[in-house]
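Shared chain: chain A. Partners: chain B in the first complex, chain C in the second.
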Partner chain A sequence: MKRSYVIKRVLYALFIFVVVLTLNFFIPRLGVGDPAERYYPPKGAMSDIEYEIIKQFTREQYGFDVSTFQQYIRYVQGLFRFDLGTSLRSGSPKVVELIGKRLPWTLVLSVTTLLISLVIGLSFGTLAAWKRGRWQDSVLLNASTISVALPGFFIALMMSFYLGFELELFPAYTNPNMVADFDWSKEAIMVVLNNAALPIMSMALGGIVGYSQSTRNSVIAVTNEDFVITARAKGLSETTVLYKHVLRNALLPLTTSIGMSVSGLIGGAIIIEQVFNWQGMGTLFLEANSTNDYPLMMGIMLFLSAFAILANLVTELFYVVLDPRVTVGEKR
Partner chain B sequence: MPRARGITIACLVLLTGAALLQTGCQKTEYLRRTDSTNTLYVGVVESSFPVAFMPWLSRDGIAPTIASMLYSTLFSYDDETGGFLPGLARDWCYVDAQGAPIVTESGGIDYARVETEGVKVLRNPQTGKNERYLTVRIELDPHARWSDGHPVTAEDVYYTFDIARNNYLSNHAGALAWTADLLHLYSNTGQLQLQGVFTYNHGAADLGYPIAEAERDLVVYVHVRGVLGAVTSLFTTILILPHHLWEPVVSRQNQLNSRSPDAHMQHLYQNPVGSGPYVLDAAASGPSQIVLRRNELYHQTREDSSPLYTVETLRLVLYQEINVAIYAVMQGHIDMLSAGLSPNYVKLFEGRDDLFLSIAEGVFTQTLVFNVNPVASEQTPLRRLLSDARVRRAIALAIDTDMLIRLVANGAATRMSAGLIAESLTDFCNPSADILHGEHAARLEEANDLLDQVAPQRDAQGYRLLEGERVTFNVLGHPGEMELVAFLEIQLQKIGIKIRYQAKGNSPETTHLWTSRFDMTLHGVIFSLANVDIMLNAHFVALGRTSNYGRLIEPELAAAIEEMRSTLNLHRKFALLYDLQPVIAGLFYKVPLYTPQIISIARTDRYTGYEVVPGEVVFNSTNLQRIQRVESPGDAEPSADDGAVSRCEPGERQ
Partner chain C sequence: MTGRNVLLQVAQRGGSFLGFVRKLWQHPKGRVGLIMAGFLVLVAVLAPVLAPYDPYDVTQRAAKGLRPSWAHPLGTTITTGQDILSMLIYGARVSLMIGIGTGIALAALGALLGVMAGYMGGLVDSLIMRIVDILLVIPTLPLIIVLTNFLGRSYFVIVLVFVLFGWTGLARVIRSLVLVLKNSNYVKAAELAGASRWHIMTKHILPGTSHLIIMNTTLTCAGIMVAEAGLSFLGLGDPTAISWGKMLAEAQSGGALLFGAWWWIIAPGLGIFLSVFAFMRIGLVMEEVFNPRMKASSSIHKLFKHLNNKYLDEVFQSMDDEAACGPPERLDEIDASQARGLP
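Our next item is the complex of A and B:
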């Protein structure tokens, strides 16, 4: 991998992050008039003097007592201290602390879902491509159509109602004590897995179908390449052709879609988390949204953006490792 | 890739799937089903539970309900009688200049004498004007205790009221609003300019207010501006804080609602010591569950000294999706839901013998509000039309509320008078304000006649035209109100007016309402004797950041409301309130659509004895005092008396 390529990608990622950071800061402040207005409580029966005092306090509390540029500088300085601000909720917790508490629980769902989707999706996709036109392929195509037609929250609700409430095969929603009682013991881990089963299955369904479809298309495309025909002409077994020549090359385009999945790992489970009461980043974002907790919303958005930019950067660099021919943006 | 590696991957897939199924399929035991203790499982549909329990900061969602269980107010308001029920305080009265109670022979407030003997005058140092005020004597219940065992004293009340008024120690806007009529004034620099709360240790003797030595910890005197609203918010809204815990912590550097509380204050936020019927079990509570245990030191008991609240433990379980929560009740994972439900769900519960369906009289009325006086930059010819009372009257006449109740609210709603005071307040509801009734066809005819005077021209589709433009208005609403707007659209089509749904969004006040950027909006209003002092002013008089979204300016109405607010004669106040209703109705500014009933459910296999409480969901303090635990799981079948009630109207019990 060329060092100049790496430096370019890193600088580009940093540039994107600064743009996102700036937009994230300025967009909520674009409205005309007093930017602190949305934070003022209703005047109610307060006298004008009392209300002016409250407004001044509010401006100071949220840092609106200085110019917008000074606020931006403060915001950026805070980021260097990993300070994303203070939430408006009771107790005024730090945004970073709230994210830190919820992030691991989202990762439990997302990473497990990604791994399961990937392993099963690659296997199904390869099988469907290899058995192109036969029943395995038809099953995959139909499953894709159904998966696209049914929204994720509907699948989650149906799973919760039938597998959870009616058949009681899985917990219909997360055990309220799960987070508080978690202590890394074997029992606690089993409780987490037990409660994560339905959310993971709900999320994995779409992922499996998606990866299967991508793998199938990619494998079919590679199967028609000259080097595959050559390999067969050399008399190699079908299994060797599949694993050694077809699959290895077919996986390359999949790296992009896996990278995109990784970048959406944290923010992609909002509705599923809500249906199953899973206390992760998705529900944190919904909480922030429903209570107009702008500092928390801004913090989450910035964190998600930063994670997505980082994931994309890693994907791009990883792509070069996988395929040395890739020289994006470089002169040949 | 060698064949062996492929087999390894396949095995991995199978193992992963098997592990997931194995761990997931373990039989889940829902605690409630096997819990033989006196524990009520309550489902709460919220995005999150509060993490701090400072009562003044508990304003959203379930937080105020929890705060009211952990802390107490001086009194509670009795909507039926308009009187005050004992809380931390057991008695109150107005007093004259010498501190003598102004009461009748039977001990009730003598309002005729209050105006002649109770009214005093002082100079307001902030405004420089003279203020008329009344003195109120409050007597605390000597049995009241904080949950740490300390007695509740007059100093706790002084501390709470004082800090509510002190901007430098508490910049909490809500507290400031609730105590706005308390004449206890601080300057901008945090200096006490005018004292309005008096105890044995805080100057009662200086003003000649008598407090016997034996009751030095029990008596508080306060100076208030109004006769009803002022004491109502002081008595029933402000949760009293324990001064022995808070006073050492709250300072100029560490404000009560500081955004960066220090460790000590944070500890108080998270480990509340209150005087309410329940205490927080902080160790058992978490982000998805809050456990409240009965406060064994709670001062209010039954006549036989047994606890007033029959439920020992409340386990509040968080659900973020209403459908999941409803199924959780139906499947017996929890005993009840704290949330009100849409009438659309009622059919789901029909035939369920194990459910108590509470359909209680509603408290808020859905109204259609017109933007009658937009700011200059938001003026349009069509909006100017809405400033014409004839147009508003025509629209009000064209709305068929019976149809809305039948089709939009599925029958689970009642009509509201155009005077916006509920019929159930029989002593105050003025029937002459109910001007929007009668046969709908005749009303439509009248409405069309009125509009023909203003915009007689119509287009090919029958819609009226103004300056060549179709008369079209947008109605701000939430997605859940789209159906209501759709029916209004059909109804107003009959008078040639086109209306469309417009999403309110997340912060409608700042984006549309306070900035005049709307034509009409749907708005729930509640007017009761407890809130008319504040709310009538906010809805019909005060401009800017209030509920007078359409910026109505009616000097005569404003004067009448101000007189109602400021009179210190309660009988006069009620008479004015009665007279205000036809005036409000005749403005056709906030047109009532319907008052939705409050629908909620509870299971009857573990607890019985539920009562439908007007204005409340089934999870309320009345039921927490009434319901009884079914002895054993074998008693789970409801008895004949329980009635397998699928629908219970107000007044019915199960």
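Our next item is the complex of A and C:
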């Protein structure tokens, strides 16, 4: 039973991936005209004949010299070798290499943010639920209102302004030499932490509120259950009830929301990275967009989607393992 | 009485649009939201009359970087000397136009697909739900950026892209509700009477979902406004218009942070906050008005997951609980929401 469920979910994830990669292949080929035109370099001072040769060369280099179907086959074959194509940048770097260089820097931000928001969010959410209706709870309500109505990048800008420029606590912009100078020495790590402080703080704010909210709701839902009333009735201390009976059950539904934030780990910070000029995946994508580097853009898209599919799959399977009550195979 | 029955009653109660507005007005928090939203709409419509200066006038070399004063209530920009109050007033047009326009279009598409998926079932249902699954894994913001790159950066394209990729949440919620309504007696009666599927869907099922659609639209409007500000901030909005997100981007690139021009940053942020807040309020109060039995529990509880596919299950669950053990204790504060629409 369980095994067939796992196989089913994996196959379904594969199906979604195939659809996504097909879409990914066809989006740059949408629209009228020859898709290869987007890949030509600017003509500049070249003569017509030279430019024709360059165009021909570009077509061959990016595989536009064969039929669309053959291109698709080649594209899929490339994926098996983890080849996402070649960037239009000078030196024709592989898209995978560019992603590989930027990915760790995004992960530094997003993983730290996730951990911080989880720890603070879970504790604060439990507190707000336990002190329902008291001031701790209303603090959470007001914080939620503000954090939802104010865009994250505005909060980031304000932080950059007050904590960065006015109080000079942290660098308001990322040090441009940070990535190049990084050598795993203690100083370099301190520089990274220092530069990452503001981006992480502005991203964690929304995460903390989100996790507090869902923890609070889930804890309150469990608190009303019969077994909690029984536990209290038999004279257990409030702490025992909270830790042994309530939290254990309340944290289960949070797996889903954690899974969702994991799938957004590598692509969810585009705007914040832009505010602080952090050299991660988000800014790489924006660079690709502003230079019309289509192979790079689509490569990043596919990478992000694949990661999201994988994260969703793992969450789904994990949930079944964690909660045996989940009815396997039946979707509500 | 089970939760599903209660929900059916709520769905069947219906009511006119004016009736909704009256009920909202009678609710103190709803009134605040309505007044704020009305004020913003008024500002947007009357922008040319209200704006003290021409917001597109970038030639005021003598007025660069002025602090707020009587002549320029919100100061001027450092780079070009544009009057910030005038820009703020014109920015309301973009924000509201995109927010409301997209919200309504999204509601139409989401409701149509949700009702179709729920009522027709079978192939249509699985096709629509597979599309939902696929759209869920594609990262939205990068996709929007790619599409605006290919299709151009006019507002039409931006709205189109928001609509094409934002309908999934509403469709799922509507679908779950339709699955309940489908088995109600009045739909069965209509089927027995020989009504066409189209007739049943538009005349019997759609009205039953209207409260969810209206509430969701209001919250989507708020979410889209934030998303639009984000896009404009990245420089991906319509290059010819003034929007709050673009003002923030200009402030950042124009050195507002460096020169301490706080008025340049705070003004557009306040604009975004007020408009999103107003629509969020209305959406929240609507939920309370449409579904009085939900009143006692904190509405933020539901709104933080209103795009979640378990939403309706939670609603049923809370109603079952309430029917079984009486209303939960009342909270003093009922506030805020989940309005994160797109990115």
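The working rule: the second predicted complex is superposed on the first by the 310 of 332 C-alpha atoms of A that agree within 3 Å, B and C clash if a C-alpha of one lies under 4 Å from a C-alpha of the other, contacts with A are read in each partner's own complex, and residues count from 1 in each chain.
Please note the rule applied: a contact is a pair of C-beta atoms (placed from the backbone, for glycine too) under 8 Å apart; a residue touches a chain by one contact, two chains touch by 3 or more.
Owing to the predicted nature of the structure, the values given are computational and were not obtained by experimental measurement.
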| item | value |
| --- | --- |
| Joint occupancy of chain A by chain B and chain C, clash or fit | clash |
| Which of chain B and chain C A:Thr315 touches, first, second, both or neither | neither |
| Partner chain in contact with A:Ala172 - chain B first, chain C second, else both or neither | both |
| Which of chain B and chain C A:Leu150 touches, first, second, both or neither | second |
| First (chain B), second (chain C), both or neither touched by A:Ser117 | neither |
| First (chain B), second (chain C), both or neither touched by A:Gln274 | both |
| Partner chain in contact with A:Asn292 - chain B first, chain C second, else both or neither | both |
| A:Pro28 touches, of chain B and chain C: first, second, both or neither? | second |
| Which superposed partner A:Lys244 touches (first chain B, second chain C, both, neither) | first |
| Touching partner for A:Ser160 - first (chain B), second (chain C), both, neither | both |
| Overlap of chain C and chain B interfaces on chain A (superposed complexes) | 157, 160-161, 165, 172, 274-275, 286, 289, 292 |
| Contacting residues of chain B [partner chain A, same complex] | 1-3, 5-6, 9-10, 12-13, 16-17, 19-21, 23-28, 47-48, 50-54, 57-58, 60, 63, 126-127, 167, 171, 173-174, 176-177, 180-181, 188, 258-261, 266, 269-270, 285-289, 317-321, 323-324, 327-328, 330-331, 333, 506-507, 510, 534, 537-538, 542, 544-546 |
| Residue ranges of chain A touching chain B (in the complex, touch as defined) | 37-38, 40-47, 49-50, 53-54, 57, 61, 86, 89-93, 115-116, 119-120, 123, 157, 160-161, 165, 168-180, 190, 193-194, 196-198, 200-201, 239, 243-244, 247-248, 273-277, 279, 283, 286-287, 289-292 |
| Residues of chain C touching chain A in the complex | 133-134, 136-139, 141-143, 145-147, 149-151, 222, 226, 229-230, 233-234, 236, 245, 248, 251-252, 256-258, 260, 262, 265, 268-269, 272-273, 276-277, 280, 298, 300-301, 304-305, 309-310, 313, 321, 325, 328-329, 331-333, 335-340, 343 |
| Chain A residues touching chain C - in the complex, by the definition given at the top | 16, 19-20, 23, 27-28, 30-31, 132-133, 137-138, 141-142, 144-146, 148-151, 153-154, 157-158, 160-161, 164-166, 172, 210, 213-214, 216-217, 220, 224, 263-264, 267-268, 270-271, 274-275, 285-286, 289, 292, 297-298, 300-301, 304-305, 308-309, 312, 332 |
